[in-house]
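Each structure below is given as structure tokens.
Below are two complexes that have chain A in common, paired first with chain B and then with chain C.
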Partner chain A sequence: MQFVIAETLEHALELMASGSRPIAGGTDLVVGARQGKEPLPDALVAIDRLGVLASIDGGTGEDGEIVIGACVSHATIAGHGDIIDLVPGLADGSSLVGSPATRHVGTIGGNIMNASPAMDTGAPLLAAGAAVEVASTRGSRLLAVADLWLGPGQTSVDSDELCVAVHIPRPGPRTSSAYVRLEYRRTMEIAVVGAGAQVSLSDDGSVASASVALTAVAPVIIAVQGLSEVVGLQPGEAARTVARLASEQSRPISDLRASDRYRRHTVGVMASRAVLAACRRAAGEEIAVPVNRSEGIGAGYPGDAVANTTADGVEL
Partner chain B sequence: MKINLNVNGVTFPVDIEPDRSLSGVLRNEIGLTGTKEGCDDCECGACMVLLDGHPVNSCSYLAVQTDGRQVTTVEGLADADGLAPLQQAMLDAGGVQCGFCTPGMLMSATALLSENPEPTVEEIRIGLSGNLCRCTGYAKIIEAVGSDAPST
Partner chain C sequence: MQQGSGTTKFVRADGPDKVTGSGRYAADMVLPGMLFAAFRYAEVSHARIVELDVEAARSMPGVLAVLTDDDVPDVRYGAGVADRTLFARGVVRFEGEVVAAVAATTPEAARSAADAIVFEYEELPAIVDVEQAIEPVSPLVHAGWEDYEASTERGHNVASYSSITLGDTDTALAAAHTVVTSRYVADASHAVPIEPRAVLAQWEGDKVTIWSSTQVPFDAQAGVCETLEMPANRVRVVVPHLGGGFGGKCGFHFEAHVAALARAARRPVKLVFTRREEFTAPDRRREGMVIELTSGLDADGRIVARTGEVLIDCGAYIADGAFFPQVASMHIAGPYSIPNVSIEASLVYTNHQPSGSVRAPTAPQGCWAVESHTDELAETVGLDPVEFRRLNAVREGATGPSGQVYGPIGLLDCIDAAVASASYGTDLAADEAVGVAVGWWPTFAVPSGAYVKINGDGSGQIITGAQECGTGSVMTLCQLAAEEVGLNPEDFQLVYQDTAAGPWDMGATGSQTLVNNGRAVVAASQQIADALKKLAADQLEASPDDIELLEGQARVVGTPAASIAIGELAAIAAGGELLLGHGSGPPPVAPEISATCVGDQGMAAWVAPQFSCHAIRVKVDRDTGVVRVLSVAAAHDSGTIINPMGAQGQVHGGVLMGIGQALSEGTVYDDRGNQMNPGLLEYKLQTIADAPPISIDFVGVAAPDGGPRGSKGIAEAPNVATAAAIANGIAKVVGARLTQLPMKPERVWEASSGAAEAGGR
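Our next item is the complex of A and B:
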């Protein structure tokens, strides 16, 4: 096996043009190889030290777009002030990934390019209308995340193309987002199902526009269709409608984690909770990241039992 | 492939296959066996080390990716004067039974406390959430990390 640490972006692209696969954190690539999913490629180029891939622009450009470098870690996204302010749904997603170690090592580029239907940043990015910037020695291009995923582990990006950054349009006023997932454990767990929502509210508090995307109910992350139905509805009614549409449109598999029926039902529940949390945030309420913990979706949550005491009742 | 592995402030030049895991190289090439391999599959956290101060599961991290960066293992916590306060707190609280998870717990807790010197119990739980312990039931470990917090 050949392994090279890229010195510049151009260096990485040249190596990819001659057949090297990129490795960022390796939390999918190396773990997958060790589990026998797919052997490590013959040639790897490490991109995790490229400073150009590691920055976040929280909307300082003319168009106000938020630009997140491919090698930004989940830990950085989950704690970044601009992301929490502008696209809290993405911060919700990143803060649920694995453990603190997984979040420090795992990157957003690796998450979306790995193309797992259970990835936690996919639904918030799709709901936010994000685009992916890819580059190769042949040039660079921007494609909508909606056009990125073809199936489990498959993307529409060529093997010599590197994901450089994710671009998120700046949300307008009274607009916010949320991501929630159903999980059996609080950590080191992937989504049973999940949903991300971005909602804009009118002055009267009704929904002006909404987009919702679903995790782990199809071969790829899917967008809920027909959301013009919820325009003009108050949040509670909008959430119920979204739940119905989400369940109707999902086509999940049965596996050892959940049956298809259970997934189809629970994805509606997650979608309605994501819509409600996004509406509350859009109305100005602060709901701490991630919604799963602050609102108590899934296993135990703060305020539930432990707060600031040990099991023996000792206050810390 | 020749790399310079910097562990606990000492540089070890090693010549290794690029697919070797960091935990394997630490244990078998350098001889630092404090880092444990429990699952060898990125699940249990026994292999946790710090890379430039952040926790990483060394069983599932390529050793060559650490070339020239700072790796800290459990052997790097104590100094000439003795155990680090966190290590002492683990012993005092009874957070160690068989001890197999302890190096990994200590490394995750060290990373947590350096970012957040006074964590709440909830924050300690999240900080240690990538580390499994089959003996203690976690309560004493959480107590140890909490009791050490104000003094670090």
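Our next item is the complex of A and C:
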């Protein structure tokens, strides 16, 4: 096997043009190979030391867009002030991925490009209308995440293209987001189902606009359709409507983690809880990241606002 | 509450090694010229072998040995039933059965060669359901079972049958005021030690040394001796640090396979399991169970009769399961005074991986069933579950369900302590409840031995056959020896986990180390204490009877000025008669019982029984069925507590393991008998982040027939009543009973929505 540490982004793209596959955190690639899912590629190019892929621009540019480098770790995103302020739903998702070790080496670029329907960053990004920036020796392009995922492990990106950044439109006023997932334990967990919501509120507290995306109920992360139905509704009613739409539109499988019937039901519960949390945040309430812990969803403890500590307060 | 007699907090001797990473485990070991082993598994649960051809594998580069059933002595072995061979013979009976073994210069070469073995088979019907398996029309797992050597009561696909009969249940049930029948099903689960097992074997002439991650080195040694036809003094089993066991590393497993490979290859050979192998190959799995029980109550709520039928999924081979039916029967009876009892239990062969002792075998499942049933009984007669238990629980002088009359025991104290710690009876949110359950577990009285010596410089050494699996149980031996000879625990070093060094011991199994090996160490230390007193008496011109050994000094009682340092006495002894002690001590004798037991395995008469009560506060998310354990109050009668820190650690670990068994840990099979979740992603262990606050009370009733100072075991008891207490909490919140273990979120949601639809909430 050939393993090259890229010196520059251009160097990495050249190696990818000649067939190398990129590696950053390696949390999917190596685990997948060990489980026999897919053998390790013959040629790897390490991109984890490229500073250009490791920064977060929290909306300082002209259009106020938030740009997250592909090699930014989940732990960095989960603790980043601008992300928590502007797109807390993404921070919710990033703070739930795997274990502390996974979050410290695993990257947002890897999570997105691995295209698992159970990924925790996908639903918040889709709900936020995010796009990925991919680059190759042929140039670069922006691609809406809605157009990125084709199926489990499959994307619409060519094999020589490298994900370099994620672009998130700056949310407007009275707009916020949340991501919640159904989980059976507090760490080392994968979403049974999940839901990300981004909601804008009108001055009277009703929903002005909403977008909701669902985790692990279809071959890809899917957006809930027909959300114009909830415009003008108060949060409680909107959440109930979203729950119904989410359950109706999900196409879950039955596997070891859950039956399709249970997933179809619980994705509605998660969607409802995500919408309610997003509405409360949009109204100015602070709900600590991740919502799962602060609201006691899944295996979290009620009122436990601190992620990654044991019941005795020991940091993990 | 008594917190035990031990007052010294001391650092575990193996702690720094393990924490800093300098400790060595079996898989870390490397020997010059060492080869690597790989197994070829059946990968099918039931089949007749049509062809097994290893010629191609033997000729592959780097391969030095390939073995099958043809290459080892013709020995059929097994405790209770000789149903097992080292390698599959003619038929494979579960997916993880070893068909062939390879030793090669690299792990990759060994794996490739194992894969290259030609293994063709004709599939046979997979027997996977215990209720169908006992029907006369069911195909047999062991067609030739009647020819096997056996000491158990057997039948059609039944490896071991036991019954407990006391009084007359027919008459008592007919006369009962209320009769309640329940049925419960427990899925199989696994021990899941974090260290997958490793075995390394090296021959020197006709002797072999085997480093193995086993909890029971003498059992492993005996297995090697039996299957490779060798005397015990030529087989040495050494255990480096053990990365957890939980029962999963009890029993004889792969030591003989690796030793046979090393002999054939004339090189040291090492086997290291993957996580998948650790799940599928060993004869060790917590057994699935189907439990039906009926109880009759009188008008006051006293249990007057209980009948039960238990089917235990044995899997393909008996392993150490011969006693499971009888111990399961005791759990179905429960720690209650019931005058009329009739319980039958069968260990039923299937084409699943064999079951074997995992931390309190059959107990968490049996306790979960019987304690769920107990709450149903209490509800039927309108009694609070705690009051119902106080009314029926065994106590000093009472007769238990096998007709054993108890001496001083602390079950009622446990109930009082746990419900007090859990603030039982206070108002809680509608989605929260406290569930209460009681449990019990025997103390295993078995032989054990130890040597103790005091060196010329006054330092001490304990050479013991005892083994520890992460519990720290052997560390307590230093405390016992120190107390006997007047030194500090830190003055002693341990030599243990080596069959060539220490006398026989049963191993880290059956919660027995402190009780039995502690007795041996005390006996050995007393010999040294006697010798020290004689030496001191000579020096101090006093009678040996007037010498006391305390704080490193030998003193004349009542004359503190007349003293001499034990170190000085040791130096004197070094020039004359050495300070050596050896001990075993007679194991306690099993109590009398009045029940009739068919297929008796000695499991209905319990020496120094341990009791517990757990009161567990749960919160249930009714919309998803996710259950959170908010706090656990665990009260235990494990006799006198010698080492409180070690005992508390056992309760913490046992409770957390019990929470996993209650909520998330279950092995899932396909309809061919193959495991579908043999990995840590889909087999959901609890993590330390899931651990709730656990409060512990040791009620400390000294056991007259227990170990040193009136101690009993503690390692297995804490996970006996955990799932049961959680179940009773869940049932209170959702208004329905879960009848299958583990109580996974989806099952809780089904029960909850069913109850809501029925308007029963």
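Keep this in mind: the second predicted complex is superposed on the first by the 300 of 316 C-alpha atoms of A that agree within 3 Å, B and C clash if a C-alpha of one lies under 4 Å from a C-alpha of the other, contacts with A are read in each partner's own complex, and residues count from 1 in each chain.
FYI, a residue touches a chain if its C-beta (ideal position, glycine included) is under 8 Å from a C-beta of that chain, and two chains touch if they have at least 3 such contacts.
Since the structure is predicted, the reported quantities are computational estimates derived from the model, not experimental observations.
**Q** Touching A:M1, do we find chain B (first), chain C (second), both, or neither?
**A** In the superposed model, A:M1 contacts chain B only, not chain C.
**Q** Between chain B (first) and chain C (second), which, if any, makes contact with A:A258: first, second, both or neither?
**A** second
**Q** Pick one for A:G296: touches chain B only (first), chain C only (second), both, or neither.
**A** A:G296: touches chain C, not chain B.
**Q** Kindly classify A:T266 by the partners it touches after superposition: chain B alone (first), chain C alone (second), both, or neither?
**A** second
**Q** Is A:M188 in contact with chain B, with chain C, with both, or with neither (first, second, both, neither)?
**A** After superposition on chain A, A:M188 lies in contact with both partners, chain B and chain C.
**Q** Hey, what residues of chain A end up touching chain B and chain C alike?
**A** On chain A, the residues that contact chain B in one structure and chain C in the other are 35, 186-188, 302, 308-312, 316.
**Q** Touching residues of chain A toward chain B in the complex: what are they?
**A** Those in contact with chain B are residues 1-3, 5, 23, 26-27, 30-31, 33-35, 40, 44, 46, 48, 75, 98-102, 104-105, 186-188, 302, 306-312, 314, 316.
**Q** Could you list, by residue number, the parts of chain C that touch chain A in their complex?
**A** My answer: residues 619, 621, 623-624, 626, 628, 630, 663-664, 668, 676-677, 679-682, 684-693, 744-746, 749.
**Q** Can you list the chain B residues touching chain A in their complex?
**A** 1, 17-19, 21, 40-43, 45, 48, 51, 54-57, 59-62, 64-65, 67, 108, 111-112, 120-122, 125-127, 129-131, 137, 139, 142-143, 146-147, 149
**Q** Note which residues of chain A are touching chain C in the complex, please.
**A** Against chain C, chain A makes touches at 35, 182-188, 190, 192, 256-259, 262, 265-266, 269, 296-302, 308-312, 316.
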